[in-house]
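Labels run A, B, C and D following the written order; every chain starts at residue 1.
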Amino acid sequence: MLRFLIAVIRRDLKLAARRKGDWLTSQFFFVMVVSMFPLGIGPDPAMLSKVAGGVLWVAALLAALLSLSRLFADDHRDGSLEQMLLSPNPPVLLALGKALAHWLIYGIPLLLIAPVLGVQFALPGDAIGVLMLSLLVGTPVLSLLGSVGAALTLGLRGGGVLLTLLILPLYVPALIFGAGAVDATLAGVGAEANLSLLAAFMVMTLLVSPWVAAAALRVSIE
Amino acid sequence: MSDTAAVLSVHDLACARGERTLFTGMNFSLGQGQLLLVQGGNGRGKTSLLRLLTGLAHPLAGEIRWRGRALADGRELFHREMAYLGHLNGIKDELTPVENLRLAGDLEGMPMDQATAERALTDIGLARCLDLPCRVLSFGQRRRVALAGLVASGSLLWILDEPLTGLDVHGVAMVEGLLRDHVGAGGMVVMTTHQPLALDGLAVVPLLVGPALTRPEPGNQEEPACCAS
Amino acid sequence: MSSSIAWFKFAAPMTFYGLAGRLIPWFAWSAGLLAAIGVYIAFFVAPTDFQQGEAYRVIFIHVPAAWMSMFLYLVMAFWSAVGLAWNTRLSFMMSRALAPTGALFAFLSLWTGALWGKPMWGAWWVWDARLTSSLILFFLYVGIMALWSAIDDPRRGDKAGALLTLIGAINVPIIYFSVKWWNTLHQGASISLMKAPTMAATMVTGMLIMTFAAWFYAIAAAMIRVRGIILERERHTEWAAEILEGK
Amino acid sequence: MHWGSWSEFWAMGGYGLYVWGSYGVAFFAVLIEIISLIRGQKHTLQRLRRMRNWESE
């Protein structure tokens, strides 16, 4: 069982390594979206630090959704998704493996870019630390719920936009707790409450979404 | 063919695509060392039948049993002993043929080392392009990579949907050889094809899906099935 | 048990088509009657609120709409779960038939919420916990309907929509909690719409009557829609053919 | 609780815009849905009938 999960994750990592272009576009998308806001809101550091949490988190949502629409699409197009569904292992592990692989490929780098952008938004040190922590705990939610959306919209025309329409409302709790953690630190209130709620939401999605995504895959592949 | 040896058995199977019922009340069974040749016009449900047999699709009615147990509850055992080759090859273009084979082995739970993968590929005539990404290979060569994976998987039941498409004369001869070896060694095959196959001496079980295809005389071109009510 | 399931799966659409046809007028008329009574109470029986004057009368539309948008989503989630558990086509059709009316009520609760917020707080849109959750619930409705329209194969569309409804239903309470948490965090003790007017007896009865009117209306609308879907999907059967030839 | 006069009723204590804005939109929204339901039903019947004729030729 576990070997199959690790095989799926290693497979996706290898594929992503072979096609660095996709990976880079998603990271640059994140950076560019975030950099647009100061141009729109104005350079005043006090204002920027207040909106930093929200801006970075919304950009993380959009970057995740951008890369998720291709989570199953490439495998579906060349038939390898069918082969993986025909392996003796339950499809839940496939859905979980793909989601975790997506988190490692597209979620973790957001963590590393966030501090640079945090400085750009005049965030103090501790706020940047909490931002990274909230992204660490929050990005799995993006990949897990997103994998459900990707499975549901497999092979549909307008898949990317449809995926966003379906899944963005489900991201709201993660956005509120994640961005709230940064604001709480700025306000000196301390972000433990936000982070623990975010972690609870992450665990819940971890338990629910692989099953739903696997069922969605079986339905979409038929 | 006594029923007891039947490893794969289908009981009044019905299949629909969208709202159109393709076929109903289909019964057959297949034992080891047999090849089921599925024939019928376009759009009659040949591919749908094969997808039902793999368990990817669900039938409208009826049941498919593997070693006496329904697919739904014996899924893991069935998928361990079955391999499917559809219209798509199921290989990744970025990876080399060897990587594809070893990856398929990992996912099936039977890891394959470098040497076995290379031998499987050279046996099937891909010795020269072992370390090229599949992207650069021709469709026929990629088909051979998929076939090499099929053979290397060591599955008892092969489900092949038009395996000969895109293969040159040598390819077709090679596939016929593979089928003969597999079925001869007690393996089972369910396949569809429009090209004539030289499978003399093998236990071929024909199965017709939909009305028989009359030899189209110049006058009456049989109306394509998709528009029939 | 399995025989009843079989009946439910195959004979159900035909019998339900006839049954729904007979029930629709009853539900439609009772909805209209209740709505008339409710509006009468809203304007001619309910007293003026000492705090808000006449503006609070919007509550007779806003609260029933908000309740119904939430309730219809739960009914959709119920039919989705039944459909996925027993693979009964009819329950998927009911879920599809309810969504547009649910979305309409979600939109109405947003619209009337904004129109109520203006006199109360001086702003057309207020990020109050309930209003914001209704906004997100409206997005969920739109998402499900978009998914249904994107999938042509009815069988896949049913199951995909059902799965999305279920994962949405699991998230609705969490979204509501997180929005409430977020709301109190930013605005301190927010003035929630519910506490504002003292709930005189006539106001409560007025609201309940309007809610029942909305409920019966939703049932009638859903049944009309589901008959259309049944006919569309069963058009190859002979009973559907009779109906199509008959009219 | 009777209103003094119709004009007072429409004024609704100065909140006429909001109250009638809400009731008006609610009424029209429901009306539009009812009309689209009835028209939709007729449209579906016609479409299905056309498809049957096309298929049965």
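The definition used in the following text is that a residue touches a chain if its C-beta (ideal position, glycine included) is under 8 Å from a C-beta of that chain, and two chains touch if they have at least 3 such contacts.
Bear in mind that the values here come from a model prediction, so they are computed numbers and not experimental data.
Most remote from chain C, judged by the distance between CA-atom centroids, is B. Pairs C-D and B-C differ in how many C-beta pairs touch across them, and the larger number is found at C-D. The distance from the centre of chain A to the centre of chain D, with each centre set as the mean of the Cα atoms, comes to 42 Å. Centre-to-centre, using mean CA coordinates, chain B is 56 Å away from chain D.
Averaged C-alpha coordinates put the centre of chain C at 16 Å from the centre of chain D. Per-chain Cα centroids separate chain B from chain C by 48 Å.
Touching two or more other chains at once is no residue of chain B.
The multi-chain contact residues of chain A, meaning those touching 2 or more other chains, are 222. Pairs of chains meeting the touch criterion are A-B, A-C, B-C, C-D. Taken together, the chain C residues at the contact with chain A in this complex read 84, 136, 139-140, 142-144, 146-147, 150-151, 155-156, 159-160, 163-164, 166-168, 170-171, 174-175, 177-179, 181-182, 185.
The touching residues of chain A, when paired with chain B in their complex, are 3-4, 7-8, 10-11, 14-15, 18-19, 77-80, 82-90, 221-222.
Chain B contributes residues 51, 54-58, 76-77, 79-80, 82-84, 86-95, 99, 103-104, 106-109, 133 to its touches with chain A in the complex. On the side of chain C, the complex with chain B involves touching residues 153-155, 233, 235-236. Here chain A touches chain C in the complex through residues 145, 148, 152-153, 156-158, 162, 165-170, 172-173, 176-177, 180, 184, 197, 201, 204, 208-209, 212, 215-216, 219-220, 222, going by the rule given at the top.
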